[in-house]
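Next come two complexes built around chain A: one with chain B, the other with chain C.
Take a look at the complex of A and B:
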């Protein structure tokens, strides 16, 4: 091959061979003979590249960017003959110190490259850092090739997703996980057979971008244990994976390990969605540390008050200036990188409403960042999911700008279904909307069921077991006098606060968990299950366990034995959902005309009772013109008394069979697909107190022919 | 320590003996050496790694390169690797394209 003309140095400085670099792409890129460094700052006067040998406390070289190496506001140069695997680098920026005008340049600080693809400094999870380190988070250079073979994004239709929200470390850190590398990306790979057996087809990972688990680290007043930033909603770098989540982090191979994990998940038919946090960074407010952005271009990166203080719409000290064109481009570069280099299938945007605020914090009608992401070609097949609210009081569930691309975490689904589950009155009209994919929220914008991610629990709040075991949050172990975490949980403890020996209470709790799972999995829209809910995982009533890197948060796999019935129930419900297309409609089900795909019922067939005191609702899903497709009927009785539900007739010669009845003890609570049991009385079903019944129509078979005898009522 | 490298082609089996450290500083030279095999009839690529003390990501990449460029159908063997080397390969998931063994018998394999 002919050697490139620009593959030789033109300048010398302190023994290093240099030449003017290419401004794009930003970051550090290996080029023939050397490394191209490129960093931008609108307001900096000059910049110095600072080089360290890996892990060394002091730099071995500081190389200024020559004036002729600058294009526009970009500093770029090639440094030749670097041992790129063994160095770490940062920048010193010189510029004005004028906080009132938004500038906080300080050339005594060494700054992380905002485009660093790999970051050293927290290579092993929880390993006490050297607090005297002058450069704790260090940019590293990585040869970003990977053998993906024929892997691509899976492109599972939105309505077919069953999302499993999980935290990399919590998922396998507990010794009961029984795997070789607990708490790591590699650990997820080992647990793929488990995920397959549950039947989910998408994992949504809590943040995996580099963060500092020692941020705000302190001791718990209750246990004396060290509290960590476990969840990671506080980015150090947007382009680098969390090294401490990789078993190979200490070898600097976290990029390979995460890519291998994603490739293996894809091979198993499981998509990967990343929870991304673009609303703030780990630099906090004016008291916080210099990590990168503050020292590189404070005024561009952050939303500042007229006095130069940090706006705090995130509740975390600062707010990233997402609709500044520079920051907007960085976010786009970042997401494109994760899609093209990591084959990510989608993103869930934390506190996404911030992304729609202008530079003064006011909400915009057509926020340029959200529009750019909606139309970007590289992100074209990506799922974009907004947490459609922020800590500054903006709440946009149902009104988040979408361009037919953005979906939302449906917070109203969670709130309405929780209240219905615990037996609140007046919920039936809302629940009817939620079961259909919330057309009341989304249809006016011509959006479809793919606008709604349905969930009853997520990482933020009670687990499902705690939702039915606690009336109030119990966050004392977080060391904030139980002030942190939401007070509005719509939870009910079933008769005793916390763990109970009373079999009536424990049985009711299991039933309520199954009720929640059943309702979630027969709703249109994409269901999201919180990792661990399928085995009754508890956080001891802590509804904000962001700092509990211990058994409060870690998934205890022994629960699979003690609560195997929950796993079985969830697994069968997921399988049922996947089997019946009518539960996974992309368009809203027709609910008005005579060929309605969904018909509403109640204690009396064809007469749903949506009155204030009603706590019962039933629906039947039917696809007209598809006689081979079974009807599905679900009766939900959230009243504390039994109710007999009059049944609509199944289509043609088909008969109703019982798939699930949460009032029954296992194994009669749910069937295997295809083994549903013929219902003796085809005209009515007695649903037990607080129970969900799911029926499926099948062509007439004689009693006892399929899997034993017919059943009568569910009592 | 420097990388020690010996290579021979024996009836379709490329035998590569590695020792010392294989990292970004010497991986390019290693890759150049392997390029000599391109176009030759190679059915097995065997890395004898008993004396390999350290492998970094650049070194692993050269092994993957060997598979991709010398022969997608060639079998790649890693023989006698020390635990530290094995750990990196396994944890990063790059073990899937090679057969890891304690010893190699050309007649039976």
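Take a look at the complex of A and C:
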């Protein structure tokens, strides 16, 4: 092979052979004979590359970028003959210290490369750091030649997704997980058979970018245990996976381990969506540490007040300057990297409304960052999901700029369904919208059901078990006198606050969980299930367990035994959803013309009661022109009394069969697909207090087949 | 890292001793390619390998891909539990058939 002309050094410095580098791409890239280092700073006067041997406290070399190595505002050079697997690097930047003008350069600080693809310093989760380390988060160089074989993004249609929101560590850290490497990427891989058994086809991972679990570390006033940043909504680096989530992090192989996990999930038909946090960084406000951005180009990376302080639209001390063209490009580079190098299927953007604010914090009509992401060719097949609000008061559910590409975490779905579930009056009209995929929120923009990620619970707030077990949050263990976490939970404890021995209460809680699961899984839009809800996981009433790296947060797998009926119910509801296309429409179901795909009912057929005092609603889904597809009928009685529901006639000669009835005890609460039980009375049935009944029309099911199947009382 | 090539059970066996990392990976790759016939069968003996880094894993995979392209076959023998575990978690083990001993590896190859 002919060697490249630029594979030869042109300069020498302190015993290192160098040459001018290529400014693009930013970061450290292995090139013939060496490593190309490139870093951007608009306002820095000079830059020095600082090299460490792995884990060593002091650098072994500091190499300045010669003036001729600078192009525009980019410092770039090739350093030859580096043992790049065993080095760590950072930068010193020299420039003005003038906070009022936005500049906070400090050449005494060694700074992480904003484009570092691998970061050392927190290699093993929870291992006490050396607090005297002058460079705690260190950029590393990694091979980007992973062998994906024929793997590619799965491109599951949005409406067919069943999303499972999961925290890497919480999922398997508990000893009951029974796996070899608890709390890691590999742990997820070991649990793939479980995920397949449940039937989900997408995992949405809480942040997996490098963060510092020791940020704001303190002791719990309740247990005396150390509180950690467990959730990771505080980025140290956007391009590097969290080393402490990898069992191989101590060997520096977290990149390969995460890629192997994604490859295995894809092979099992499961997409991977990452929760990404571009609204702020771990550097906090002016009191916070220098990690990277503050010392490299504070004025470009952060939104600053006219006085040079940090705007705090994130609630975390600073706000990334997302619509600065340079930061915008960094975010785009980052997402492209995760899609092309990690085969990520989609992203959920934390506090995404911040991404639509201009450099002074004002919301924009057509934010360039969001538009760029919507139309980017590399991101062209991946899901873009916005948490369509921020901590600065911007709330954009139903109005987030979409260009027909962006979906939203449907916060109104969560709020309305919770209130309906606990028996609030006046909710039926809203619930009718939510069940259809929220056309009231999205249809005016010609958006489809794919605009809506439906959820009742997520990491932020109560688990489903806690939603039906607590009226109020119980966050004392977080050490903030129960002030943190939302006060607006729309929860109901079913008669006692917290754990109860009263069988009436515990049974009602199980029924309420099934009611929530049933409503979620018959709604159009993409359902999202919080990891652990399928086995009744509780966080002891803590609705903000971001710092609880312990049994409060860790999923206790023994619950599968004690609450096996919940797992079975969720699994069958997911299977039912996947079986019936009419529950997974990409366009809104027609609800007006004579061939309406959805018809509304109540205690009387064809007469839904949407009055203020009504707590009942029923609907029937029918696909005209598809006689082989059964009708689906669901009745929801969130009243504390029984109600008889008159039934519309099933199509043709078909008869109504019961698939699920949450008022019944297992195994009669839900059927296996295909084993639904003929309803005695085809004209009406009795729905128990606070229950959901799901029927399916079939031609030839014999009455009384009993294979763990559902039944209901005729009236 | 020491690399030796011998013939055992009628097959070439490349034995790697010590640490297979970025400082030794390039040398290992050259020595392996210069000492074997790529059209043949090969046993990679990891019994005395103490540590393997990302660079080392990549060398092993490169060797095997070259063998595959030429119609050769291979098996891996030995390797500490830690090394096998690393190979599992980083996905490299899917490209190798791993046996406890050289004899078992050779026996398996001879049946192919």
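Basically, the second predicted complex is superposed on the first by the 701 of 715 C-alpha atoms of A that agree within 3 Å, B and C clash if a C-alpha of one lies under 4 Å from a C-alpha of the other, contacts with A are read in each partner's own complex, and residues count from 1 in each chain.
In the analysis below, contacts are C-beta pairs under 8 Å (C-beta built on N, C-alpha and C of every residue); 3 or more make two chains touch, one makes a residue touch a chain.
For clarity, every value in this text was computed on a predicted model and none was experimentally measured.
**Q** In the superposed model built on chain A, check whether chain B and chain C fit or clash.
**A** On the shared chain A, the partners clash.
**Q** With the two complexes superposed on chain A, say which partner A:66 touches: chain B (first), chain C (second), both, or neither.
**A** A:66 contacts neither chain B nor chain C.
**Q** Looking at A:80 after the superposition, I want to know if it touches chain B, chain C, both of them or none. Which is it: first, second, both, neither?
**A** So A:80 meets neither chain B nor chain C here.
**Q** Does the superposition put A:143 against chain B (first), chain C (second), both, or neither?
**A** In the superposed model, A:143 contacts both chain B and chain C.
**Q** Of the two partner chains, chain B (first) and chain C (second), which one does A:214 touch, if any: first, second, both, or neither?
**A** neither
**Q** With both complexes superposed on chain A, which partner does A:403 reach: first (chain B), second (chain C), both or neither?
**A** Neither partner.
**Q** Considering only touches as defined above, state whether A:186 meets chain B (first), chain C (second), both or neither.
**A** Both partners, chain B and chain C.
**Q** Taking the superposition as given, does A:257 touch the first partner, chain B, the second, chain C, both, or neither?
**A** A:257 contacts both chain B and chain C.
**Q** Figure out whether A:194 sits in contact with chain B (first) or chain C (second), or with both, or with neither.
**A** The answer is neither, since A:194 touches no partner chain.
**Q** Does any part of chain A touch chain B in one structure and chain C in the other, and if so which residues?
**A** 83-86, 142-143, 145, 147, 181, 186, 246-248, 251-253, 256-257, 260, 263
**Q** Contact residues on chain B for chain A in the complex?
**A** 23-25, 56-58, 60-61, 64, 68, 88, 91-94, 96-97
**Q** Which stretch or stretches of chain A touch chain B in the complex?
**A** On the chain A side, the touching residues are 83-86, 142-143, 145, 147, 181, 184, 186, 189, 246-248, 251-253, 256-257, 260-261, 263-264.
**Q** Name, in rising order, each residue of chain C that touches chain A in their complex.
**A** 21-23, 53-55, 57-58, 61, 85-86, 88-92, 95
**Q** Given the complex with chain C, which residues does chain A contribute to the contact?
**A** Residues of chain A touching chain C: 83-86, 142-143, 145-147, 180-181, 185-186, 246-248, 251-253, 256-257, 259-260, 263.
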